[in-house]
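Naming follows writing order (A, B, C and D), and every chain is counted from residue 1.
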Amino acid sequence: MIGWAMAAVQCLLFVATAPLFAGWIKRVKCRAQNRAAPSLFQPYRDLTKLLRKGVVLAYDASWIFRATPYVVFTTTVLAAAVVPLIALRLPTSAIADVIVLVGFLGLGRFFLALAGMDIGTAFGGMGSSREMMIGALAEPVLLMTVFTLAMSASTTNLSEAVSFTLHGGLVIRPSFLFALVGLMMVAVAETGRIPIDNPATHLELTMVHEAMILEYSGRYLALLEWASMIKLMVYFVLIANIFAPWGIASTTTPTTLALGVLAIALKLMLLGIVLVLWETVMAKMRLFRVPQYLGFAFLLSLLGMLTHVILESGGH
Amino acid sequence: MSPLVLAYLALLGALASAALSLGAERYPGLLRYGSFALLGASGICAVLGGAWVLLSGGRHSAELALGLPWLGWQLAFDPLSGFFLIIVGLLVGAVSLYGPGYMRGYLHRRRRESLVALGTATGLFVAGMYLVLLAADAFVFMVAWELMSVASYFLVAYQHQHAANRRAALLYLLMAHVGALAILLGFGVLAAKGNGFTFEAMRAATLSPTWASIAFALAFFGYGMKAGMVPLHVWLPEAHPVAPSHISALMSGVMLKVAIYGLVRFCFDLLGELQWQWGMTVLVIGAASALLGVLYALMQHDLKRLLAYHSVENIGIILMGLGLSIIFLANDHQVAGILAMLAALYHTLNHALFKGLLFLGAGAVLHSSHEADLNNMGGLIRRMPHTALYFLVGCLAISGLPPLNGFVSEWLTFQATLQAPVLASGVLRSILPVTAAVLALSAALAAACFVKVYGVAFLGQARSRHTKRAREVEIGMRAAMAALALLCVLFGVFPTTVIGALGSIPLMLVGQGPPSATTEGWLWLTPISPEIASYSAPLVALALVATALVFLFVRWRALPRRRAYPWECGFGEVNPRMQYTATAFSMPIRRIFAPVWDVEERIEESADSVQPAQVASIRHQLHIHDRSWLRIYEPIGRLVITAARRVGRIQTGSIHAYLVYSFLTLLLLLWVVT
Amino acid sequence: MIALWLVLLVPLTGVVVLALIGQQRYAGWLNIGFTGAALAAALALAYGVLEHGPLLSSGKMLHIDAFNVYLVVLTAFVGFTTAIFSRPYMLHEVERRQLSARRMRLYHAMYQGFMFTMYAALTTNNIGILWVAMEGATLATVLLVSLYRTPEAVEAAWKYFILCGVGIAQALFGTILVYFAAARVISSTDEALLWDVLYDSAARLEPTVLTIAFVFLLVGYGTKVGLVPLHNWLPDAHSEGPTPMSAILSGLLLNVALYALVRMKMLVDGSLDSDLAGHLMMAFGFLSFTVAGLFLHRSRDIKRMFSYSSIEHMGLMTFAFGMGGALATFAALLHMTVHSLTKSAIFVTVGHAAQIAGTQSIERIRGLIRTQPVVGWGLLIGTIAIAGFPPFGVFTSEFLVLTATMKAWPWLTVPLLVGLVIAFAGLFRHLQPMVYGEPPAGQVAVRANMLPVMVHLLLVLWLGLAIPVFLSSWFSEATILIAGSAPQ
Amino acid sequence: MGLAQLDLFDQAMLLFAALVLFTSFVMLAQVRIVPLIHAFAWQGALLAVATALVAFVSKHPHLYLSAGLGFGLKALLIPWILHRLAVRLRIHHESESIKHPVLVLLGGAGLVVFSYYVTLPIVQLSELTTRNTIAVSQAVVLLGMLLMISRNKAVAQVIGFMSIENGLFFAAVVATYGMPMVVELGIAFDVLVAVVLFGVFFFQMRESIDSLDVNRLNRLREVDEALSEAEPRQ
């Protein structure tokens, strides 16, 4: 029972701190580009403002359009719930393994794309089409990277996988290296960051994610924005805890938990900085360069898989 | 009283409905109520009988005084047949609900098709499928198999005033015949070695690895032809769409499954010792089918055709499961093998459900809007709310999204591929994950495809006059779709129960049940062990239900909400033609995977008469052809024609030539024998 | 015994009677009557044989055993049903093509004459008479082929006459050689042509002579069977003659010719220790099977098409008989039955179809189902049956042939299957446009008598679902006679 | 055993056999209708005489009957019918041109050799004095076929057909001293009917294609114009 409580707390923490992470990234980015930075808590303010505002719906919007924000939010929260943030072996992590997690995100994307087409404008369709294309290409890469880990940890259960790397001690696995890079590239693509998509702009020809949610306003928009922040954090927590699990609490004593919180906070700040650097040096790609980008990511993950098979488990 | 009785009842019900519809020309009501009711009854019997034998296990055999003088029809009813009988029964039941309403469309036609043909062929078709599942010797199996093919041929050729349908029917029957003959040969090998047509004798047969492989190759070819695996799939997208929609549902949802049944029966039951090379073949071809199937589906804008191509994809996924199972079993990894087999069987069941649902939905759309082309639809969710809801469930299920049934079986398949490390051979260890990636890709593409379908057909604004005037279909058709949708949800939310029920099949084929899939209780599905992987669909469903409640609560609270025109970039009104069409939607993917298709795209710009610089109008033509068609089938066709022409030369018409023939034949023979 | 003589006498009187009054309108009824009486006699005979086993007439003129008795029944039956069909059909022809009364008289008389020669060939115990009867069959039908007197008809008849005449002459030479071989071992030369005597003393006949003899017999009777490359007369004769003629030619004449061939093979096998005869028959059968399948793709005339399909099936039977062995022989006998039933049914339907469309050209026959469903469906279902789809009997026999081949010559099954598929495709690509689609304007239904078709197809269906005991016991006995053992 | 050991009748019989063969060659070479018919008649007559001799030598009285039958039929009746037909059809002056007549004759000679080679095993079996003539009879059969192949006139083909019958008849006589009577009668009957029918056909041909040239009979065939209609497979 205590486990479930812990899990709930962790999940809430995850959801609550997601805007903070987003704020951190924005802030660092501004700093990196010599711009005046908004406060860390700006995302919270935006969300509360949006939540307070009323909703404007397009005439052709059907119930799909209105249900989508809730579905997207829930699926993202579910995803967050199964990712070990500060503690391992929480009961929620048994609800779904990493494949299901991908499934959650896919469900969210499915509805988001439908919502984009629901209005019947050109933008919505455009956004959905591109989103599904990118998603379709990104999903196998994601799974390949995860499979690399899953096969060396011989589990698809996230917390099991994490504890495998944690207790395996410091083993240098070439496959993990490839997987890491692959996963980061996918993360960038999936969360709609530069060079795939630019969350900051509404330029008609380039936008993907924004094109789908163009018609949203008020609380719907708030939910969607929040969901995308959570999604971003899910990916980065995933990266952080799988490839550098150290510090995560495998027992539930206050000290270890505190340590866990501290550890994940540090990792995320670090990763945030990395992402910002990446986004600052990169330029937005043309849509039809994306396949090459993801193809390269796939190649990396494939290499990871093969190195695992050839170099690491050749023996038995 | 044994399960066989129920099976017989199902069979008789189907035959009776066929017989009853002979009178349909004079009394159409006979078909709409009588024979469909009988079909429904037979479906229920099939489900009950199947469930009974599936849960109780064991094999019930019988012999009918039909067939060859020295060998009556051997029938056997075991969990495997039972499982597939359930599948058939479910769909038949749904169709019998759906049919009467759909028949309306055929009654009020100026030039009326023969209802007799439709009803009789349907009954025989269903009866044939039942009989295939019950058959326990090669002869009755082939009889039933061909009965199934011929009956469905009549159904494909049903609307024969269109030349295209006739061509499709011919192609279908031709390829079905080829496949059947290959299967016959496969049995022939076993029968020759095991001297006897009965499955018992075949099980007893001892084959050299070579002959076993030959038998397998023949059977795989034959069943694959029927199941529509790449590159033998070309008949499928031609034939399935042109049949009446409820028949399409049966063909795509069930008939392909019967082919899968044949493959399972042949490989796992009759053939004995498995070889991993077979598994490899099945796996690779399965992966190819999955990917190509969905890629071709993405390019379609005829709804039923698109669904037909998705059958190819899903058959591919099922084959992947079977291939994995063969590989693992051949390497004596029972647990993984059974897991893969269960995944395949589960996906068979799921595909039957959601593909049936989708075809029925497509039929409903066709029925009320008379539109088959996605690019003419749009906004149907407002005109056909129920159909839209059920269709959405189908789309989610086929896209393999949690918590619906499609996801579970794909998840199990993934889990099976992840058992690769237990294999000794490094090659297999490295290939299996790649196929997993292919599976992931095709699943994601399927999602894209169904976003396209649903978004273009049901969302947005109506693109044509017909679609504007569409009305919700009548209660029976809705009930059929609702039932299937409900099943999709149930089988998605309570997978553990289903897996538990399927346990008796591997028990029969491999000799042990699924080890630990259900150990953690109904709430947790743990295919290998809780540490390795676990999935709790009920909890996920619970979370989603909670969201739904919140959503409804919010709607009920009716928080402030205002309607307005969407952002139209400053052009006045947003009109339907501004929407993305199906073709536009899939354009990025067409660009990326261009080599897969044989795309011919033409853009004609006609200059304005006043200012030649300006373009007055643009005509855009896009034709996408199936490569396998150009590469494989047309050459064969040409070959036959040429051979025929060559041979035709001997019939010169000159009597002297004929005399010379017989003269020379005589001399030749005399010379030979002396 | 009386039944046996009746089988021969009824058609003989029929010849005489109809030669006198064949031109009357009611001659068709008479024709039906005679064939019906013959059928009754044949059934009685069959019953007798079934009860008391094979019988040999006094003076050893006639000889009935399991092999030929069921052929007698089959012949009588098909003759009867075809006569039923021929009455309204020929009346319609008389109206349409202005056949003079004289020709109708000829037609009816020769119909009976043909039936007589068939019975004679089947029942005789003397292989010389067998030859005479076969030649007689040609003579009886040749004038019917040219009944319409069109250039094509005359040409077809001439080819039929010359080719079959020459062919059959070879058979006579073979028979003489057999006689020559037999005369050396059989004391009384008058008995040296009697089947039963020959069969009993087959082992003592001189192999070298019989080898050469068989070559001549194969070429001779093979011409009648329509084996490629001796088949050229067959499509012409079938396509140009009146349809009832085509029906009984395809359904009966070919069978009887094959019967003669098999009898000779039995002799030769008895004498030779090698199965050379079998291999020759297999080769010819296989060649005919494949070549005919290809010809199907090129046919432009519906009756030609189905006559090619006859060649194909005769090839399959010859192949099966040549392969020997219980299973194959059983299959071949079964195939003989179902093929002649189905094929005659098809020709009946084709006759109606041609009358509906007013032509035999495949390109111009359209939309039969819409115009006259019963004819369209009849043609479609008949073709499905002949193409070897279950639950029709043709499938059963083809299934057995294939499995037998799989046992004996595994690698031959592949070309066999390819042949089947090619033939099937050839049939259907021509068939579909004819039965389906929109009929041309002004195409109207004709007065059709589809009863024979229904009866035949139902019988074939029955044989496909279950072979009745008495029939299977017949087949088994015949199989034992030919192949030495019964299938199990 | 050499010719010398045979008694005179046998020698005469062999002579006649040779003459029969010779008449076949004559027919093969003869291009004009009426002489062709005459040659055929001669063959029939020689055949009958040979048969009578065989009957005399081998003391088979029933052979006299078949000899008489053969004479009446093959030497008198059939030639007469054919001649009358030729006259009534006004073709009795026609003659036809054979392509490569020399080749045809050489081929005929080759056939004789071939048939000798084929019948060798049979000949060795037989102890009849007439055995050597089996080869001759078979040669006559084959020559008859050659005649039919090399001629375009229907009448010529009929004569070829009849000479095949002659060959068979001769074979039956010399190889086995004749078939049983009933068979002989049956065959004779068939031949007679055949001739009558041929007569009927001449007129039918005449009225349908107003010619007796069998080369005109080539409407029914499967060569290439069929291809144009052959619709593409799918």
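Simple rule for what comes next: a residue touches a chain if its C-beta (ideal position, glycine included) is under 8 Å from a C-beta of that chain, and two chains touch if they have at least 3 such contacts.
Bear in mind that the values here come from a model prediction, so they are computed numbers and not experimental data.
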item: Smallest number of contact steps required from chain A to reach chain C; value: 2
item: Contacts common to chain B and chain D (chain labels); value: C
item: Dominant chain pairing [most C-beta pairs in contact]; value: A-B
item: Chain whose Cα centroid lies at the greatest distance from that of chain B; value: D
item: Cα-centroid distance, chain A relative to chain B, in whole angstrom; value: 35
item: Centroid distance [mean C-alpha coordinates] between chain D and chain A, Å; value: 99
item: Chain C and chain D, separation of their C-alpha mean positions in angstrom; value: 30
item: Between chain B and chain C, centroid-to-centroid distance (C-alpha), Å; value: 44
item: For chain B, residues contacting two or more additional chains; value: 170, 640-641, 644-645, 648, 651, 655, 659, 662, 670, 674
item: Of all residues in chain A, the ones touching two or more other chains; value: none
item: Interface hub residues of chain C, defined as touching at least two other chains; value: 158-159, 162, 166, 170, 212, 235, 295, 297-298, 425, 429, 433
item: Complete list of chain pairs which touch one another; value: A-B, B-C, B-D, C-D
item: In the complex with chain D, residue positions of chain B that touch it; value: 167, 170-171, 633-634, 637-638, 640-641, 644-645, 648-649, 651-656, 659-660, 662-663, 667, 670, 674
item: List of chain D residues in touch with chain C within their complex; value: 118-119, 121-122, 125-126, 138, 141, 145, 148, 154, 157, 161, 164-165, 167-168, 171-172, 175-177, 179-180, 182-183, 186-187, 189-190, 193-194, 197-198, 200-201, 204-205, 207-209, 214, 217-220, 222, 226-227, 229-231, 233
item: Residue ranges of chain B touching chain C (in the complex, touch as defined); value: 65-70, 114, 139, 142-143, 146-147, 149-150, 157, 160-161, 163, 166, 169-170, 173-174, 177-178, 181-182, 184-185, 188-189, 191-192, 197, 640-641, 643-645, 647-648, 650-651, 655, 658-659, 661-662, 665-666, 669-670, 673-674
item: Contact footprint of chain B on chain A as seen in their complex; value: 54-60, 62-64, 66-67, 70-71, 73-74, 77-78, 94-97, 99-100, 103-104, 106-107, 109-110, 113-114, 116-126, 128-130, 132-133, 135-140, 142-144, 147, 150-151, 154-157, 160, 204, 214-215, 219, 287-288, 291, 298, 302, 305-306, 309-310, 313-314
item: Partner chain B, residues of chain D touching it in the complex; value: 114, 117-118, 120-121, 142, 145-146, 148-149, 152, 157, 214-215, 217-224, 226-227, 230, 232-234
